[in-house]
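In this document, chain identifiers A, B and C correspond to the written order of the chains, with residue numbering beginning at 1 in each.
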Amino acid sequence: MFDQYLKKSLLAVLGGGIAMLVMLAVPAAAQAPEPTAVTAQARPGKVKLPPARSLLDQVRRAGVLRVGVVEQIPWTFTDRSGQLAGFEVDVARALASDLGVRLELVRASATGIADDVAAGHADIGAAGLWFSPQRALVVNYTQPYSEATMRLFASRARAAGRTDVAAYRQADVTLGVLKGSPGEAFAPKAFPLARIRTFERYADLADAVETGGIEAGISMSPRPEFLVHVAGDRIFLPVGSAIATRSESFVTPRGDADILAYLESWIRYRNETGWLKSRRDYWFGSFAWADQIDRK
Amino acid sequence: MFDQYLKKSLLAVLGGGIAMLVMLAVPAAAQAPEPTAVTAQARPGKVKLPPARSLLDQVRRAGVLRVGVVEQIPWTFTDRSGQLAGFEVDVARALASDLGVRLELVRASATGIADDVAAGHADIGAAGLWFSPQRALVVNYTQPYSEATMRLFASRARAAGRTDVAAYRQADVTLGVLKGSPGEAFAPKAFPLARIRTFERYADLADAVETGGIEAGISMSPRPEFLVHVAGDRIFLPVGSAIATRSESFVTPRGDADILAYLESWIRYRNETGWLKSRRDYWFGSFAWADQIDRK
Amino acid sequence: MFDQYLKKSLLAVLGGGIAMLVMLAVPAAAQAPEPTAVTAQARPGKVKLPPARSLLDQVRRAGVLRVGVVEQIPWTFTDRSGQLAGFEVDVARALASDLGVRLELVRASATGIADDVAAGHADIGAAGLWFSPQRALVVNYTQPYSEATMRLFASRARAAGRTDVAAYRQADVTLGVLKGSPGEAFAPKAFPLARIRTFERYADLADAVETGGIEAGISMSPRPEFLVHVAGDRIFLPVGSAIATRSESFVTPRGDADILAYLESWIRYRNETGWLKSRRDYWFGSFAWADQIDRK
């Protein structure tokens, strides 16, 4: 049985603390008097707020939206006609269209895009970016407009009746991950008993699973789905859903609340119309785009 | 079978891109040293941030919150006592009460309310507004506090056993929509096979469905529910839920992060207490208010 | 049957209003021309935005994050080693770690923490704070990172087969609440038939339920769970879930959009990795920490 003194002291602290919090939490009981109604007019002697100096004003003035992108299939890539295409290109084009301006895509690197936006080399970044403590020191993130999903892909030859994630948490399972990938960081925590083998090149990881050298691999969509697509029944997805997800946001320059507010309401709108889902389904739920890849 | 070169090239690009992204995604492993604890005091030589110059400060100074509204039943309308009433009036009154100021309702038009807020003729707008690319160029939108729902309402005489939405996606169905309404834009996409008839006046659309001239109509709540309410069993709702929804937000002036933050935390709070739901249920889930309409 | 004039007038107003709204809701049909692609470079003659002057810059410059906390078990309390510990201390430590700075915990009071943050005595506040109209006049709230839950705890001796919340909404039930607590404000609304008895000290309320003096009590977690933990089978939780919840947010200084954006993306990230849930489970779903309490 618990120490009675401790119990009393805990209760006292808990009681007091909550009570104080709560006085502040009770809404103002008094109702405002019956409202007056007028037609729109300026408030006399109204203190003018500082003029909005948002990126939005610059973009409208310049007539162009410059969106930073990172080449990575299927987010952004050069199609066989030499044009940039992909999920982010569709998103950037729709955004420029709603803003009524021309779109300019700014090629950036995954390690440089945050600095490019902070320095004004691009107005915003759209590159499947999720939160990183480093990037968050130089740019703001919007609410998400998409998400990255991590999946398990397994060798049919080594399946041995394993049809759920628990079956791959065993000591007799070897999981392949790409060096420096989310899977490498995630696998030891989610599969503590399994042996983890790290591959330098993704193609070697894919081959190890396809040829039955190891039981399974972990990587980000759409790569596991793509392997099933190309490897036929030698590779399968033992888990129906993602084993981990990270939301993907636009990044924007610091000190600008308006561009954040614009993008977040735009994302909500393009979700409600079903447009964002339709583009995600096309780029991450199908390979109808695979023949757009330039093979030269 | 897929082209092996394409496969390798895809894998290479996918692998490289993700790997770079991920280095940035791994959280800082190092833990901060044991924190020191002090009692509240100013940081010596602290750089002072620019003073907040938010609308909130102006509103508190003026002692009045000016909320732009658009007359439309049941959002905002003049009741038989000559006072403005409706869902938005309840929302504006609660907001002013929590701010501890008087409420002033500013009559605006659906086409002008964004400019009125941008020009400072009203502090914020509360008029069932959802995202439009045009409005979003001049004001910010908050997170939603309500939503507009589009519904199908059908003629009992022409029902012929149609009891789900699929049954109204047939070539032998005529759907009525109001000219310039969301239904007019939505119907051809959601009901590609059906014949669409556009009506100039909503009363004529309602009569066409009520008298069995056409199978069904599409419009925004609470109009379909109201028709069932007044037309008895001659009109019914074949689909239990909305066929489309758009979230409704406050609009606020550009360049003010604080009013956005205030309204969004206020919305969360008024949702958690159940207050917003109770007002939506009253104004959009009942017609207890119908006798407040001035018939003169 | 409904008044036909009223019907027509309602339909007319409804029809008109919606139609106007909708013209604005239709997205710009025109698609932007084929985008051009360039590598990152500054826009010629680009208007420079005002330099970001966020708290984040100050924190990085000073090398320390000062987080305001309120002592209350298990949010923040002094453990037996004399160090501050608790859910908020874990949150503040992780935040400082991701920012790459030292953590300084600033002791504040529930009634004073908002003013402390507004005055710059602490950079942000982390103290299980939910929206209150008074606090919201001086600081901004972020999106929530946790939630406070209110629960019913009941006397086994007086249970008499009562195993759901409805059974405690009877006239023959007496509910105990702490003076000035959320339960005192909530109980009369949620349990209109029951007798409500207000206690000055939480320990007396706990004893009244434990000894069977009253049927049940209402208070915030983890107190009800703690009572079951210490009172064995003399007290039980008749309702599996919370009877009310309030989301808990950081509070930040006015006029700073960047610190809001940083904290909200940080919260999302720490939720997606499962870290926030694991800390909530530890501090609010277990009493493994109870022996850290200093009994001296």
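Everything below uses one rule, namely that contacts are C-beta pairs under 8 Å (C-beta built on N, C-alpha and C of every residue); 3 or more make two chains touch, one makes a residue touch a chain.
Keep in mind it's a predicted model, so treat the numbers as computed, not measured.
If you sketch which chains touch which, every chain touches every other chain without exception.
In this structure subunit A contacts its sequence twin subunit B using mostly different residue numbers, the overlap staying below half.
Between the Cα centres of subunit A and subunit B there is a gap of 25 Å. Multi-chain contact residues of subunit A (touching two or more other chains) are listed as 27-28, 53, 98, 100, 130-131, 133, 246, 257. Subunit A contributes residues 27-28, 30-43, 46-54, 56, 60, 70-73, 75, 77, 98-100, 109-111, 128-135, 178-182, 185, 201-203, 206, 219-220, 223, 226, 229-230, 232, 246, 257-258, 261-262, 264-266, 268-269, 272, 290, 293, 295 to its touches with subunit B in the complex. Across the complex, subunit C meets subunit B through its residues 1-3, 5-28, 53, 55, 58, 61-62, 66, 68, 83-84, 89, 92-93, 96-98, 100-108, 112, 116, 119-122, 130-131, 133, 136-137, 140-141, 143-144, 245-247, 249, 253-257, 260, 273.
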